[in-house]
């Protein structure tokens, strides 16, 4: 987290605060109180929990330190802390689905209570550090908006009849764009965030890397591409896979990307609109790092490093594609944009940049403590809120995760 | 299941049908839609599921065979079958908590739909076999009423702040009744159901057993008794325990009965009224078979066999104590009654009586297929619905189960 | 354990001691030091461990209390205690295969050390209680001789190439004996051990049971019978199985008895002689209780209770069949004998007889503490040492165990 | 693997072959046949398996392709393949401890058979590719020599009485060397193997990296340092740990490095000489990546990247310390040497260097397929065979592994 807003800009901040908070609730209205309570796996959280946790964040790091704040319910500090060890004990993550109380409606009242207090505080004037916390809290909430959608879809995918989260028309299925490549010259580059505007702490410090010349694909790998991989025995040939990846294929019985299935000889995929015919031109989505890596090997290519990805993204003309549309969630995508569409697995492990230092205090637990055994994804997906995407953004997941909106883009020497 | 109602007695049956169905809903109103959806462990089911499953039973075994019935929703046959293999595939039990749809409200409409159809069928006149199915369906629903309460309490007990299911006044804490014994002479006895009135198939055939003389306690073991067991190191002395019981103590870290804890040096217990001071005179409850067995050994006594229990219960004057009161759920109990109060673990394994034959067809899966590695409990508890208790009733649970309202009564030579 | 030898009979006891001890070593010579060390599952123990544990038993319960005994190695008390809580801490059972030291040869020296001390004690004259301990120790060792063979075969069965424990000629494959039945009249019978000669404590007290008339098969179920069960979809029809049994079929993927497989369209079975053609007339072996129960249901019959089995066995003319032959281990069997051939699953749970009291002290942990969730097998198998078989013997295993030499005999009303 | 030996140098190669093979057997003689058979965890292999697998490697990749070779036993191809998918099916790794046959002695004969064939082939003249395979096979065997010692120690550490692998005198306990730092200037450096002499494929290609200035400690972290970390609550303060690291601390109950314990108030450590007093000046060993990372954070420093480590090691005067001494195994170490002493965890994930390509064919499975979720260690340990250590060597283990001879060296800006 780099706090660079030198002067409090109260009014735009307030407007942004209201916008972000409203979007969370707008997403949640797609889900019943029952939907909002269940937890489909330890890595996913109930919608209700996301709504409460993003409010707790403002309570814990902004309102409580500011003084004079009366908590909505003192038990919520325990219930809705996610992983901040410095804040104190917390409810175990795998049991979030058992916290049936407070109700979804009560969480709505909690959100309003927190919002009123934040609005009052903003209107009374914030110090610079407080502006930074609000900004961090809003980015934090935007991040949870994407998680909310991911987690809700995973839950609905566990229902034997794949119910839809939203109604939307069936899209047509145009022909995929042919694959073309762009060459990037080798040499020294600067990557990482330059400190202008908001960024998470893990995006800096900006630093020099040395790259050898490479080429990068001008669109993401499509569903049609992936069907060719499947048809060529991609999931049955150990030589294409990392050792741990091959073990994951065996253990989970992977034979297709997440949410895909065959119905009456046709490929369909579960998504926010329920179970729908697969669209050939769309970027493949819900694949693990292991699958992305195996696909790249099969294609005679490789995944880009995160430095290569960032350098390559810098001078793309149409950088931004489809970001979060709460009325559609997963519309037709083209895969040509590096921000929007899908997150893209890189070959980079999620590690500290040279000279990285986490922020002091509990908010410093935000990013740094996850820097082991995770893999960097770059870009942004169609469920990333607009304004939250950045060229230097470092998303990360374990290698076997498939419930993120994650695909891949090829690189080669 | 013994079908003995020779003539359709439509009106009383209809009245009973309406009563039983209404009680289920009355219990469910104590729980929010969120409470009704969550599943706290594979052995427990969501309230919503109990409400739907008891309706599915009438659909599957009464309405569908009767012809002309339009199912409320054809997917419910898959979602709300419990374990009837003959009926077809079903949703896996450990994932009942992920079925967030239908909603609790929709399940209410499902119940009404089924009820209207059953009422119409009853009013149109039932055949003898159909009367039997209605009777079985009502007993089945009563059984699930007790499960609904057990499962809901288990769920709420997993909440870190132990919320109450109902509001009720704090009871006083009278002195326990002293322990006295009653002698039963040895010889040949008949046990099991005689076929007059409703009974489950596993309660028969009635048959002869040979008993040696024994004595049986005139009240159940109390919380005060149990405190003495704890104080004497009962949970730390392997010589008191069965080998599997001692392993369970180690594995689960048992040191007190289920739902007990110490707060500020005082014993409290979680129950339907939330966390409350322990009452010394009440029968101990939420103990496993292993604990009951170890207690008996510690007390220089043993558990009765189910035959001993049934013979002993036959000429008790005040047999019936507190049965299900939906406004209190777990009121002050005396432990003197053998029906009501708590289920009592016996030393008997749950096995077929000589000559046992399950009913033909899918309803025959009701009892017989569970006859291995379970332990018989006799009597009835304070959450058993009135009219469902019987001297010949054979309840059964695995040895480590603690979420039933189960205690014990001592026997000795 | 009933100690009934009123006068020390030193010489025959000594001879028996030497015989039993020698047989253990004779069995062990079939196995290399490497074979003797490995542990194939938590329920099985290494050969080396059996050899040491049966010596520890004499050390712990005879030599040490007698005074003046110098232990061979003081660490062995920890290493070779099996489950006697009263004796003190012990090495965890699942890790017996990691105790590579002492070596197999060193265990041989340990055995000799213990034997010399026991011989000296016997020759110096034993008290009555000591005679009882020696007798118990010898029965204990005989029990472990059968376990040693069972466990060693299980280990070798885990080897991908199924090595033989002994060389023996291939037997011919005669036609099975037709199935005939014997009727037993109902009424009161006495069962259990009468106190004359050695018996384990769990075989008494002798007591009265009431039986209804029944018939019992005059031979065990054969491999040929079992092939018909398989051919009729026995492993694929849930209605034939107990609920837990059906779950076990799914979990373990059972489709045939233990150690069976098909090679080039032919049925073969792994045994002490390696992988061999299946013999049709032999009693089926290495089936679980669940399988035995399902078979009986499929055959329109049931398993006998242990009381029925004992009553039926009493007046069989040719009671004893093939008992342990250390040079063949699993020769051709006929299935007509109730002692020898195979252990027979009964429908009875392993519970205390009325009035049962375990022996005082640590040796009292021998039997009673296992009286939950196990199933009684009656008879004796072809790897039970001669002299160890008894009509009242109560063997017991969990319902899913398949590595014992266990089959079944049918009963019917 | 870079095959750079342009001309066959038969005689030195033969001498080296004989030396390496003899050292394996010399290590194995420290272990009984029983020791050589057991497997203490899925990640460790039996000694017997190491001895056979290193022979299988020559059989599979050298002798069999050369033609005219008669395998010692055709089943060994299945039993002793480690993880080469391209070679065919293989025995599951977690069950290596159940392969009691062949015996340790038989494995000795297998080794001789393979050696005779390799010697004959070498003497008959090798092609360039064959020289490369022999060289790879010898490096492979050297790698397994270290694993053999690691795995054997882990097995013996599971024995409740911690037996010694070798007898050796107790070393004295000198004062630790004070910690000093060496500064390295920033800029562009070349790292990775230059292709002269043998190296594994993962050590290349040599490539340019950009480093910022840093300092590196001139000795490894010592046991005395680690005691200060423990005394300061190092294992109880979540803020010092990566999130996964803190979870590992909880899960495994880590409170000290592997093999440490307290006896009568004194610190002792298990090692090749059994349980011995801890030596303060020695490099701490048997710590996981998580512990190394937490220690560095506690010390206000960090782990070096592998590039920093390699650059720093290049101009160290006394680079080589104590490498494998088969008569002592873990002698007194100083921690000043970067090769020998202990492996040093770096902050780098184990990933491909830019332009990395694995070797074609099955031997290409050697390194590349493990490039996910592992952490690079640099240097060499006191049980690394002399001649196997290299400045560019990239060792790797999962973050929680503790049975390697692994410690750490600090870096700082």
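We call the chains A, B, C and D, going by the order they appear; numbering starts again at 1 in every chain.
Note that in this section a residue touches a chain if its C-beta (ideal position, glycine included) is under 8 Å from a C-beta of that chain, and two chains touch if they have at least 3 such contacts.
Fair warning: this is a prediction, and the values are worked out from it, not measured in the lab.
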Common touching chains of chain C and chain B: none
Farthest-lying chain, centroid of Cα atoms versus that of chain B: D
Distance from chain C to chain A - Cα centre to Cα centre, in angstrom: 59
Centroid distance [mean C-alpha coordinates] between chain B and chain A, Å: 46
Shared-contact residues (touching 2 or more other chains) in chain C: none
Complex interface listing, chain A residues touching chain D: 83, 85-86, 188, 207-212, 238-239, 241-246, 289-290, 293, 347-349, 351-352, 354-355, 365, 369-373, 375, 399, 413
Residues of chain A touching chain B in the complex: 32-38, 40, 48, 75, 78-79, 91, 95, 97-101, 103-104, 155-156, 158-161, 163
